[in-house]
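Shared between the two complexes below is subunit A, which has subunit B as its partner in the first and subunit C in the second.
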Partner chain A sequence: MNDMITICRNTYTRVLRTRSLYVLLAAVLILVAVAHLYNDLTAGRQKELMYDAGAALLTIVGLFTALVVTFDIARDLREKVVMTLLSKPLGRGHYLLGKFFGVVWLVTVNMVILTAGILWILHWEQGAWRLDFVKLAFATWGAMIMVTALGVMFASFLSELPAAVLTMVVFVAGHATEAFYRAGSLPGHFLFSVLPGFWLPDYKLEFGNGVPISSHIIILSVLYTLAYSGVLLSLAGIFFHKRDLA
Partner chain B sequence: MEANGSDGAVNALETEGLSKEYVGGWNKRIRLLALDALTLKVEQGQIFGFLGPNGAGKSTAIKLLLGLISPTAGSGRLFGVSIHDKQARERVGFLPEDPSFCTYLKADEFLELCGKVLHMDRAQRKQRIAETLEMVGLSNKAGTKIAEFSRGMLQRIGLAQALLNMPSLVLLDEPLNGLDPYGRKELKAILQAQKAQGKTVFFSSHILSDVQEMCDQVGILNRGRLVACGRLKELLPPKTVRLQAQTLDMASMSRLEPFSASITREHSHWTIQLLDASKKDEACGILRSQNNQAIEVVSAAESLEEYFFRKIEENNQERGFGAPTEPVSASTTQQASVP
Partner chain C sequence: MNSKTPTTAVVFLVITLLASAFLANRVAELRKDQTVRAPQSRGILSAGFSKFRSQIAWMRLIQLRGSMPNVTKENAALLSSKYDRLTDLDPMFATAYEEGALDIGWQDPEGSLRLLDKAGSVSQLRSWRIPFTAGFLAKTRLNNTSRAVKYMEIAVKQPDSPQYVQRFLINLKADLLAKEKDPVKILNLWVDYYLGGEGRAGAPGAPGMGRMGASFAGHAGEDSGKKLALNHISRLSADIIAQDQKNLLTERDSDAKKRFQDRIDEVQKIVKQVYAGTHICQRCYRPYNSGDEFCVHDGNRVEPYGICPKDKTVVRGAYCHKCGTKAN
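Entry: the complex of A and B
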């Protein structure tokens, strides 16, 4: 456990020193804040635009932060940090879990900052607290945990670029698995069963249009992402255990 | 089962038929046997030099011992514990070849991370980080980011992390790479100090003169196979001295016998083969007392470099790999007159 926490803290410290993330975070907050300037372009629908932009940018920041894990593991391999650490009595599973939780920690911090910022901006613009945005952010956070686990799994046997691209591809395809299922074919059913259902914790459309979603549904969606992440991390452990760190 | 060294203590390192084959290509047709049935024993308290041309399999063997790659056959043990068990690595320090480490951390932060992974408590970490930084000559760089380190400094910080928990076995992959003459001298002193403390040092190197100077034992790998292994004293016997004299009476012969391997009459002269080259002056004195014009014939010992090239060439010829890439020096014979 202590080994995992050590790697987790180290990963968090490392990713925290990535300047581009701060730039992205600031850019997102500025984008949401200046959404009222689009009033003329949106025929008076700037409130909806701000909400939608906030929700979409929350996903983008979460996604970019989560993808860091694929690059971080690859960098550790390239710089022989993995060799140095794993030549000590550190288990490969602890290393991977430490990486996962380190990035999840940062995803959480980033999303909390962003959610608080967007909530404040929405309140400033609209004069009311949009607390349903917290539910949306929580569901998005669940999706980002799944992206992080996916990134860890691909990084456990691939180099950084293929791992990052595949994570993105599965993230996009995971939003369409319901459509695959509705198509009714065998491959469609197979993809529905195997691919992570990223459409499940995605309530941007509902919240953006004021459709109420109960907290139970949100919690169930997040529980699904956690369970699926557990499966992905188990697979990552198996792949990484077999990998030659040459 | 624990295999023991000559003194009954468990071997620091032991392998039995350890092999690694890399398989590549879409149809798995590309096969490279990086290590072929390595059987090796290193007793505790030794400095072991692991030699071989580039691509011989030295780094592969070290990575196998540390569980960083999986063997395709054979087994290995560190202090009697299987290399597959992470406990085997508790008493081991490792320096990889051409390391770069966590470039975003400062030197002391990096050692702090290593100390935590080694399960050292806070007080131990603080003490050992200061000690190891001092030992490798980086105490004034504790707060410097590793990204700013030169290659030699990286080797030093790498050595510091390898020695942090005072391991019983230190595995070093090309530790002399990137070090200037002062750095090499300091490293050799550190490794000798480790040996003096009863620690085992196992390192690979291309700098044969340093290996000959430091090591008790060497192993030579060629194209994945161990072609020679043993104590340097046995592989490179000390130089011998023969003396020749015109006359030799019985009294002188009996005085020479205790330190002579043989005394033979050849045509018109006597040949005395000494057991120990250091007895040369004494033997010459005895011969001179008979008004002999003694002739000394010194057979120089083979250097490790010469031995290395000879073994590699022999092995290449045995296996049909053609001529070696490096010239082979023959052992030399010197002759000198003793007045």
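Entry: the complex of A and C
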């Protein structure tokens, strides 16, 4: 357990040393804030633009942060760091979990900073706290945990670029599994149940339009992402166990 | 390397897969009614960025529209597809529906109504402006009154719909009823509107005034819409009664005469209900003020009221302010 925490902490601190991360966070907050100036371009819809831009950029930052895991694992494999680590009494599963939790930690910190910043900007623009944005951010956080787990799974048997690309492809395609659910057929229902449903924790359209979504649904959505992350991590463990690291 | 790991992973995989399948179905079930979507929209693979993309599309559309000196038939087709695409991205983009419909409404009224019908199919979108715009376009561009009535009936049911939407609907219904040549039905439309949809019997009124009197007294000077309704009621009543009185003089058939007389009685009853407790001119059916000897609207001689029987002063209340005598 301690080994896993060490890997987790190392992953977190190593990525945190990247300066581009801070630039990214600052750039996002500036982008959301300048949407305030888009009054003429949006024909008076700059408030909506700020909210939607905030929600979209929160997802993008979460995605980029989550994708770090694919590069991090691949780099460990390339630089043979994994061999050193696994030569100690450390299970492959623990290594993957350590990496996963390290990136989740980073995703969480980034999203908390961004959510607080965007909330403040929205309050500055609109004169009221848009607390529904917290619900939205929480659901997005759940989706990003799933993306991280997806990244871990692909990185467990692929090199960094294919793993990152596939993670993105599955993230995009995962928003379309609603079609399987709506199809109503048995095969469709099966596919919907086993494939990653990234549309389930996605409430940007609803919150952006002021449709009230109960906290109960948001919590269930996040629980789904946690459960599905478990599926992906289990698969990652199986694939990584079978992988020849020599 | 721990050789048991795959077994643990497989067990964990099965458990989490079952849990996630259960949760996915539960969330999907709960989201069914809350997910925003236009039923006939094309599927767009936007990875959850459709709302943000709709804002970008909106800004681009504004630029495009600004570059067009006017909307031609060709432009209208292009704009129609752009608005359609935009509202696929965000089916709740009310401004896009309204602006789009008005933009292309002149060149392509059916296209603009299609766009507004699309908005109407989004259950979460509750805006009176959309069906109102549709009704307005159906009437003014297609001259299809019955279609316009359907849209306006939806508009009046929406929250926050202003009074003029209901008046527009009554005017449209009056247009339809005009073909039936039954002005009493039109009169009843205005009376129903004036009485605020409460019906004309059974509802309690202010003590001593009667419900209709309370209704009249309550709104006076406040609601221009209701004043307008009263004008319609007075004008229609005066027209109907004048016409039927003329018919009574010329008509020989006793059955027809009875019908005219019945209609006069019915209209007078309606007018008495609406203006209960108020003195009205018996020719134009509009109220007049205390002390008036002639109607200010049509010059007809009226029965003066509110005059002190002792010193003939026009009193301000129930009693004369000069001598204290009860006014007649």
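As a working rule, the second predicted complex is superposed on the first by the 232 of 246 C-alpha atoms of A that agree within 3 Å, B and C clash if a C-alpha of one lies under 4 Å from a C-alpha of the other, contacts with A are read in each partner's own complex, and residues count from 1 in each chain.
In the analysis below, a contact is a pair of C-beta atoms (placed from the backbone, for glycine too) under 8 Å apart; a residue touches a chain by one contact, two chains touch by 3 or more.
Just so we're clear, the structure is a prediction, and the values are computed from it rather than from any experiment.
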item: Three-chain arrangement built on subunit A, subunit B and subunit C clash or fit; value: fit
item: Touched partner set for A:E125, first subunit B, second subunit C, both or neither; value: neither
item: Angular separation of subunit B and subunit C about subunit A, which is computed from CA centres of the superposed model and rounded to the nearest 10 °; value: 170
item: Partner chain(s) touched by A:N2 [first = subunit B, second = subunit C, both, neither]; value: first
item: Which superposed partner A:T84 touches (first subunit B, second subunit C, both, neither); value: first
item: First (subunit B), second (subunit C), both or neither touched by A:L200; value: second
item: Touch count on subunit A, higher of subunit B and subunit C; value: C
item: Which superposed partner A:H175 touches (first subunit B, second subunit C, both, neither); value: second
item: Smallest separation of CA atoms, subunit C relative to subunit B, angstrom; value: 5
item: Contact residues of subunit A, present in both the subunit B and the subunit C interface; value: 86, 91, 242
item: Of all residues in subunit C, those that touch subunit A in their complex; value: 1-2, 5-6, 8-10, 12-13, 15-17, 19-21, 23-28, 30-31, 34-36, 43, 45-52, 54-55, 58-59, 62-63, 90, 92, 95, 124
item: Residues of subunit A that touch subunit C when the two form their complex; value: 38, 41-43, 45, 48-49, 52-53, 55-56, 59, 86, 91-93, 143, 171-173, 175-176, 178-179, 181, 192-194, 197-200, 202, 204-206, 208-209, 211, 213, 216-217, 220-221, 223-224, 227-228, 230-231, 233-235, 237-238, 241-242
item: Interfacial residue positions of subunit B with respect to subunit A in the complex; value: 22, 60, 63, 66-70, 86-87, 89-90, 92, 94, 96, 98-105, 113-114, 116-119, 158, 161, 171
item: Subunit B-touching residues of subunit A, taken from the complex the two chains share; value: 2-3, 6-7, 10, 13-14, 17, 79-81, 83-91, 242, 244-246
